[in-house]
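Two complexes come next, and they have one chain in common, chain A, joined by chain B in the first and chain C in the second.
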Partner chain A sequence: MDTSVFRLDGVTKRYGDLVALDNATLEAGANEYISFLGPSGSGKTTLLRVIAGFEAPESGRVYFNGKDITNLPAHERGIGFVFQNFALFPHLTVIQNVGFGLTHGKSGLSAAEIERRSLEMIELVGLSGMEGRGVDQISGGQRQRVALARTLTMHPKVVLLDEPLGALDANLRSRMRNELRAIRERLGVTFVHVTGSETEALAMGDRIVVLDRGRIIQVGTPDEVYGAPASPEVAHFLNRFNLFDGTLSGGTFNGVFGAVPSPQAIPSDRSVYAVRYDRMQVLPVSAKVSGPSFRARFVASEYLGSSMMNFFEAEDGHVIEMEHHLSLGAAQEFEPRQDYLLTWNPDQAIVFGREASR
Partner chain B sequence: MESRILKPTLAIYVALFILFLYGPFVVLTIISFQQGPEGGPQFPIIEWSTYWYRHIFGLTPPSRIAPLPFGEALLRSLVLALMTMVVSTVLGVMSAQAFRRKFKGSGVVFYLIVLGMMVPGVLTGLGTSLLANNVIGIERHWYTTAFATHVAYTFPFAFLVMLAILNRFDASVEEAAWSLGVDPWTTFRKVTFPLIFPGVLSAMLFAFTLSLDEFPRTLFASGRDQTLPLAIYGTFSVEIHPNIFAFGVLTTLFSFALLSVYGILMAMSVRRAKKMAMQEDIA
Partner chain C sequence: MTSQTTIQKRQATTTRWLLLPGIIWMSLFLVVPILMIVYVSFWTQTTFNISPDPTLASWKQFFSSDTYTGSLWTTIRIWLIVLACTFIVGYPTALFVGLFVKSQTLSTVLLVICVIPFWTSFLIRVLAWRPMLGKEGAINIVLMKLGIIQQPIEVLLFTELSVIIGMTQIYCVFMVGPIAFMLSRIDRNIIEAARDLGAGFGRIFWKIIFPLSLPGVVVGAIFVSVMVLGEFATSGALSGRKVNLLGNIIVTQVGSLKWAMASVVGVILTVVMGIVIAGFLRIVDLKREL
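Now for the complex of A and B:
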């Protein structure tokens, strides 16, 4: 990342007693696609709004293009923002929406030039022929494109997207996902995309920034974050791991499934044992296994097309999920309300623990 | 079951309500067509005629009944109502805009503004008159002291209307405009104002109509030259002729015309507001 576009340095933001952002530090390069992942209330939208200039941080600095813009008002920043509800100007047509910034800002362009650039951008997002329509006469997906085109006509170096796909239906979402990536690659702009969906973050980001309770808890490529979550919280947000509480001592993790040697634990405040859904194995109760195992009752299964999700309930009420990729063969059939033995290869588990931090 | 009793009862109630609302106006209208100049404000109608309407505009031969001295009073009232409308609406929009963010003492300021419509008008009028005469030592006029009381009275209405409108306003369109490099003032002119225009229209209507027939404050604060409500009241103390009813009918028709203009403008902006609502539905 030799060309940094923006940088956050110890940004903190409070709403009364609530700490929305706690000492957030981050650097973003040019031509990068960054996803902010976190549950609602994790501060990801606040972080975006601080970068855009809609909110002022209590402390910390925001740098853009090497300049300190912490005290610069939003309209002088030159950072694009796409809202979840699109926030189109309802009293204007599509082309008036797209040309709004050029017309009423400091562009100084002639009306003809503004029209030319607006039309060019409308074509880029695939809305040619709709220029004259009111924004109430187009569909949700088309509105999303108008919102994007409106931002991109200003040629911003960074575009912030606040859950831009949240308002679209599932089909459209996956299509817009691809289009967003394609448009970004064509223009070479840095996109910062806020999402509560782990699949969206994994699919779209060159880098993922995971937030929890106002703090940045992991930054990395999708591969790094998915393969090696930095903390139990990250593993939890990824929604791909069964998490077991227990204790770690002397390189051994003690949980409901017995004691498992865990020499390579990741430092953490909580002792948690994580096993990916698709690493779980289900055996009859009578089976003999050498590794960790415990009994659980089969509850239900869910067909997802390419895989099958099976839900089990442990004796303590804990729900365990097991994913079977159907490309690996037909799914096992389980009897409802029957007990089974769940097991896994301990080498593939991820262990977090307090002990390791000593 | 319930609606079998409730509905007719409510229907009768509404019918009675409308009767009371428009009854006086109907009587007024009938008497205004009394024969003149001998016919008085009484039933039965001696003979139907438009005599008193012509009398208002000085189109009748001279008689012992003097024409209504309303010309200048009407003009004064209209000018005063227009001035009040403009100032109160501008103040209302600006102050409601200020209340979108919490600021220190906002609660106190809110009640100070709203007090203007709560305080009895006679008190405001009397107080203003004393203040002008005895404390500051300036002359009272309809366009100075009375104007001030009108603004103090109608401003809270405009303020509350705009507060309600801005309460429901989705601020993200403004932020969107800023993020496109458009400064806050231009954003207000090009985005906020067009979207809150229905509210502005209502605030204007409130301020105008309240000022037009304002009586107690004006009575004390306006000084020598009378406004229309004062002038009308003045004629009552001498003798009542049907010309005053004819005048009443004409002013009511004027009010209806005003309401129609408001209705048309409103319908146009509501169509726009609907677009806004549809956009929010998706969010």
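Now for the complex of A and C:
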């Protein structure tokens, strides 16, 4: 890729016996929004800190603008970092925080120029008029913007954000999502955003990098990752699929729901059958179905405004989720503790298995 | 509306009852004694007797005598020197214990080590300096054995220097504790953020670490000041009676039953302390910080 901003080449990092990063290789383009998605302990924050230069990898190289920066200290990399808890300087005002890097770094700018640039950045993040406030006199969302502006005044080519929305309440989180994207687009820099929330990753990333136990297990656009998860783990993190264990042999998947012809399977060490929550159908036990089906007991439902989540318990105790979009009509009523027949169109399922016939 | 007022009334009653023990205690053992001292300082003192006839004699005597005013200046000078020394020795120690030591356990252990001298009595701690600093004391012996000096250094003991050394050692930990506490509360990400923004260690220290530790410095300085200003034992034991602080004057005056003069010195000492504490509290808003 010509427009590559940074590249990771076989980066490995251990903490004692724990492998935090295992041979991570990744390329990021200019002017891109990348999300790192993974559960806690997957190494996503470690990866971010390696890129930032706060942690040194045991092996592998980090390249930035074509230069090897593996041994370069954090502040000489030209990479900005926004901390999870914002890490604002609590005794300074908004403008002093934003201008800190220019004032105390090696910028060599005049005080007037620093003030002009700081104010420009404060305006960009929408905090005009607040520059004189102390950072303990502003709200969480405003602090987030100060942290972002403080990093952006240094004109970094890449901004790394460590769970930037984690400390905000739900309402603010969805507003800041749009804000972050808009700010990024205006500046044309690459943002790398670490998150444990699959909705955040899907909503914000131009590309999603999925991590599990220190390994990068899938890289792709939200559409690709959501539509075609590369492994059962990815499907699991997306939190949108019912996963069934079973065996795959001779183009047939054997699971609790019987044998289903599965001519196409994604290569994987585990044989797993995945059906999206909103692809599940619920029928009375007496109904005749041609496709795969199995009995499960209705447990509870959850009203989510635009959709209804129904929870069923299979005979082996496995919880099956079924999502009904209310725009498609009123929700079905289910009797608690009653058995129902769950089924789906096998063409819409995703099958993982050792036997990859794709 | 009515239920709310009853709740408020009940809360007010509870508050009053909770305040009562403190008020009684502070009145009996702080406010009344201070008023008493102020009152006694205006009593008439004769050689063997004291009578409550109001007079300014003791006050005039204090301010017209070089011995008394001199001890006021000595007290202030020693206080400032000891304060500076405890800060110079204490701040780097606190910086190490509170910020550079990453392990919580280790920093607690180090703080406990700082406090170990306090496991013995105050007088022993003071007197232990005599065999250290004396003409034939440990320091002189070591320096002579090493051939650094030929003659023992005599200014080490029974001088203002020995008083300053002794006080700095004894009170240093009161400076270290609060500063180390404030430093340990600094979010490490803040320092990392400052470094990421290109600030060098010096800038990070003066612009981030020091300002954030300032409340600890102020609390430590108040501790040290209050104790040093009221000192008499260290100066008595280590100066050979050559350094007379206001505290020493009070002790001798009380010893010879000169209650009026002792009261005058007591009032002056209290006023000085009040000014010093008020001054320190102007530097930071402690209520906001703690």
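Side notes on the structure shown:
Rule of thumb we're sticking to: the second predicted complex is superposed on the first by the 355 of 358 C-alpha atoms of A that agree within 3 Å, B and C clash if a C-alpha of one lies under 4 Å from a C-alpha of the other, contacts with A are read in each partner's own complex, and residues count from 1 in each chain.
Just so we're on the same page, contacts are C-beta pairs under 8 Å (C-beta built on N, C-alpha and C of every residue); 3 or more make two chains touch, one makes a residue touch a chain.
Keep in mind that this is a model prediction, so the values were computed, not measured.
On the superposed chain A, the two partners chain B and chain C do not both fit; they clash. In the overlay built on the shared chain, the residue A:K106 is in contact with chain B and with chain C. Using the contact criterion defined above for the overlaid structures, shared-chain residue A:M308 touches neither chain B nor chain C, since it reaches no partner. In the superposition on chain A, contact of A:A74 is made with both chain B and chain C. In the superposed pair of complexes, A:A167 makes contact with chain B only, with no contact to chain C. Within the superposed three-chain model, A:L243 lies out of touch with both chain B and chain C [touch as defined at top].
Residues 52, 54, 74-75, 80-81, 83-85, 87-91, 100-101, 104-107, 150-151, 154 of chain A are contacted both by chain B in one complex and by chain C in the other.
Interface residues of chain A, counted against chain C in their complex, comprise 52, 54, 74-75, 80-81, 83-85, 87-91, 100-101, 104-107, 150-151, 154.
Chain C makes touch with chain A in their complex at residues 187, 189-190, 192-200, 203-204, 207-208, 211-212.
Put simply, chain A touches chain B in their complex at residues 52-54, 73-81, 83-91, 100-101, 104-107, 134-136, 140, 143, 147, 150-151, 154, 167. Every residue of chain B that touches chain A in the complex is listed here, in rising order: 170, 172-173, 175-184, 186-187, 190-191, 194-195, 272-276, 278-280, 282-283.
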